[in-house]
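This report refers to the structure that appears directly beneath it.
All chains are identified by letter, namely A, B and C, in their written order; residue positions are counted from 1 within each chain.
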């Protein structure tokens, strides 16, 4: 049935299917989630990295799995239960089964006084600890007395799991898409990311003769991208021409752009171009607002051309990192709009060639049937844009630059480019540099 | 008598004299117009280019001449007559003498529903066709019945005519001025252009020892400039330091600036400087708004430093390319303001030298009588500007840059430059590059 | 007692002590003033330059000293007396003792009709002359009759006096501070300058291991800096990395910034950074508003990186160059705010190193105690700024650039820099160029 649903609904359905699973940085929740994604992308490679593996300044942590966890109040009633919401347990909590007075319990409880209905998202990956998260309303109702606290978890040597899909194109230069699969039940940050990226990868698989290769990553945040960079940095610095962190892409609110650290890469130009024409309005943040794996991709001396072209950004919406970031927050339209934005971005990257006109001065378009032979005042937009492309196609400006000068979406110019190519009026002079790397020169 | 009239009136008189002539891309109307201009500029060279001559992507079209043309209504009354307004006939209409019902005639009629009192300007240079233009009011009053349609024209091998005047300066580097002589009875676009350019050329002839050479062109639009570039492109790319399309320069409305394709040439800097100080307010268009021969001069891979510093621009005023662009639309003041703007532009180009101070630190102006010896708070503008020039004259900034920094019109600084030169306080270090081409370096 | 007073009061006290002294371009008033400053800065070197010494376009003028001067009205009453206000006498007035009618006297009187209560500041350094300055109210009350005019002055061969203090740092690169000691009794322009600079030099002397050397100059305006540059130009062009003219730094009104002639030197960047964070609002003038010795330091072909980071600028406040620029106009707060601004500027220059992170990707701050191990939504500013520094520290951006990107005052980032250094997370890669000159590269 799902195959017949409109794509916006399918995107939302995948979020819904992944939502209840208890994910963390490592463990079976990640494996189960990647297994579902692999149903859509059979070539997805699932990697397992042993706990204790070094990567740059970090060590892959132990694997964490949890069966159940609850708090019983002094009357013996279960008042907090991991089964109700997996955010109730601090991520990486060590096992415990104790009775303790409320006063001692308090130091292991986390709530948000300013959002009394929200369960906060708390983790302690690199320091053994345990704790429960609850709404502030729940907390305020706790009566003095002895509470039984049970966390039935395992924390020990194991593996960190991640997914990788590489789609080879006609050139080794590649475009990176990266999302996270380490968040428990939260929808915008983060299940919107895996869902949109899964369907985007499917769409890429449907396209033949892609110019660029594509690298699609489903990683646990921070340690996942750090490990991945430790294995692939040199290659990515040589071949990655642009990348996108696919995170917070599900709510239908305003789009956001977070630049790369330098702010002037091809990915930055593409994201700004897409958002200008696809979104009209969008938040233009600075790199100070980075929040996901662009923190690693754009770090000093890594400096990959990676940007965020997303919806409500990290920490910029009140539901962020709480139980309020739920299935109501993301919508089919929100997910599908982001999916389209990435399609446009890919279309821009794939088609950002450098063209040179073949005829000096304006060509005679009329004799080729490209221009009305009877001159009168108003000409159509198609003809005007064709003339604008020709007047700028000097073999130095890439198409993105020309689309910017004309103030038209690059993707709407492609039929004109095809017409001009067919009539031999422009030729592709995209430069290949010494390293054999195609380079999009800017004017 | 004309010689005694003020120049604004003379400019308007020349427009009036040229107005009634039936011009087109080729033919005797162009020859007659150039003949009148040659009365003012005896050294104007009139070139004839044979039909069928190839130039880049184009072929010089056949020559068109027309004696008369009219439409008789079913009652035998002449309702449309070329004698009344030469816009009534579609340019390059083939001969015809037929009686046809209104329904068939309609497909050869052109009118503007949104401007019911205007006759539109329509041509069909490169596709044999015929047609009549009329006001929409006239068209709405046509009754069913048979109409006699007569166009007594000739379209066949002949010549394309254009005028060229080259004024040698002390350097081979040159400044280009180009206007059109192919428009029938329309005043702002285009008789303002030939009139202003004729008087500007006269003024240049009165100036001795011009630094730059000047190339003054009276061309049929598009095919004229394309042919001209096909013959002179390499030379112009080597020697043209700036150029101006002189078109739409007659109405007294707001000035307009259309940049070159790169937007940063010397001509761009000069036009912006002149308009800022001469016009206060002006439309700053993008190159997307090009409309006359700058389409060729600035085309990709031609890329001459040519701009438009004009009045109401192509297509930006309602009367454009209709019979409403008549003698009422242009005024002596409108024409003269444009004429002055070009004088200022020439003054800027001629005097845009690079100066270096000869004395380190501020010179002692007082001992040279250039500064009050008794110091008190307020000094005059002349002294202040002299000090500003000296403080910036480091041998790297050209005078246009310094005038911009001081926010004064370059032409008002020239007496100060003369004073400083006379006192030996600055020296000319304008750089001559390897090709022997003087180059105005910018800081 | 002064030693125990707060610094703002001390700054004001020094202005008050210097105020009554009759200074001019040369003479004993300058010597007396420098003598007082030397009490604070015992290593101050006092130079004497003989009248007639050539420097660039100028000659050091004769020395001027004055004992007394007055005007007696027809009734024998002293109506104008140098003892009352040393602005009453035109600077460099030649001796005179004459009786003359009011009509003749008028041509030697100077007043300001638009400020009738102000005595103007007038000098005639390079043309022998004499004159008196008075309020316009005084002048309006002069009755016809014979006036006795006495100026008991000496103008003849002597010396020009200036003070110089050089504080060697660990590098030969140096920072220049320059102020004037040639103004008679005016407070903002100019006694605020010597006072602030004296205490600033004392503060520098208290700092050990300064990175830069410091050159502190107390000069007569114009001729003093021209002479000084004629002796030290090449060295300053090689070694001066930034400089500040310390003038008009005493009123508590809005700060002002006057850029160097190029506007993009390290000193410009520092001044803008300091004023943005220290002052919030400030006048951003152009170099056209220069008025003190930056006229020489930034002159064409001198072009030292010198800026003005001052209070109410030359000619921009009504009291400028009149007797109204008195002790009421400057305040302890005004002086101290400027003093702090220079301290911040020095702190920025001294600490503007280029740092490179030592660990690829984000380092694990938690294991070093630099980051909370329990992750929850909000982190403190200290941690955030630390992460921002690390993400930008790519070995190409200097700290000033990074502080600008983070939008934090550089001086508030220094404890974080220390923490990061101590943990070995960043290393200093400030580049030393071929001439052995440390250079702060910008990204």
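What we mean here is this: contacts are C-beta pairs under 8 Å (C-beta built on N, C-alpha and C of every residue); 3 or more make two chains touch, one makes a residue touch a chain.
Predicted model only: the values in this text are computed from it and were never measured.
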Checklist entry - What is the shape of the graph in which nodes denote protein chains and edges denote touching chain pairs (line, ring, star, complete, other)? => result complete
Checklist entry - chain B and chain A are one sequence twice: same or different residues at the contact, by the over-half rule? => result different
Checklist entry - How many degrees of rotation map chain A onto its copy chain C on CA atoms, rounded to the nearest 5? => result 120
Checklist outcome for this item: Distance in whole angstrom between the CA centres of chain A and chain B is 53
Item to check | Contacting residues of chain C [partner chain B, same complex] | outcome: 56-58, 90, 110, 120-127, 129, 131, 222, 225-226, 229-230, 233, 261, 286-288, 290, 295-296, 298-303, 315, 320-321
Checklist entry - Taking the complex as given, what residues does chain A use to touch chain B? => result 356-357, 359-364, 366-367, 373-377, 387-388, 390-395, 405-407
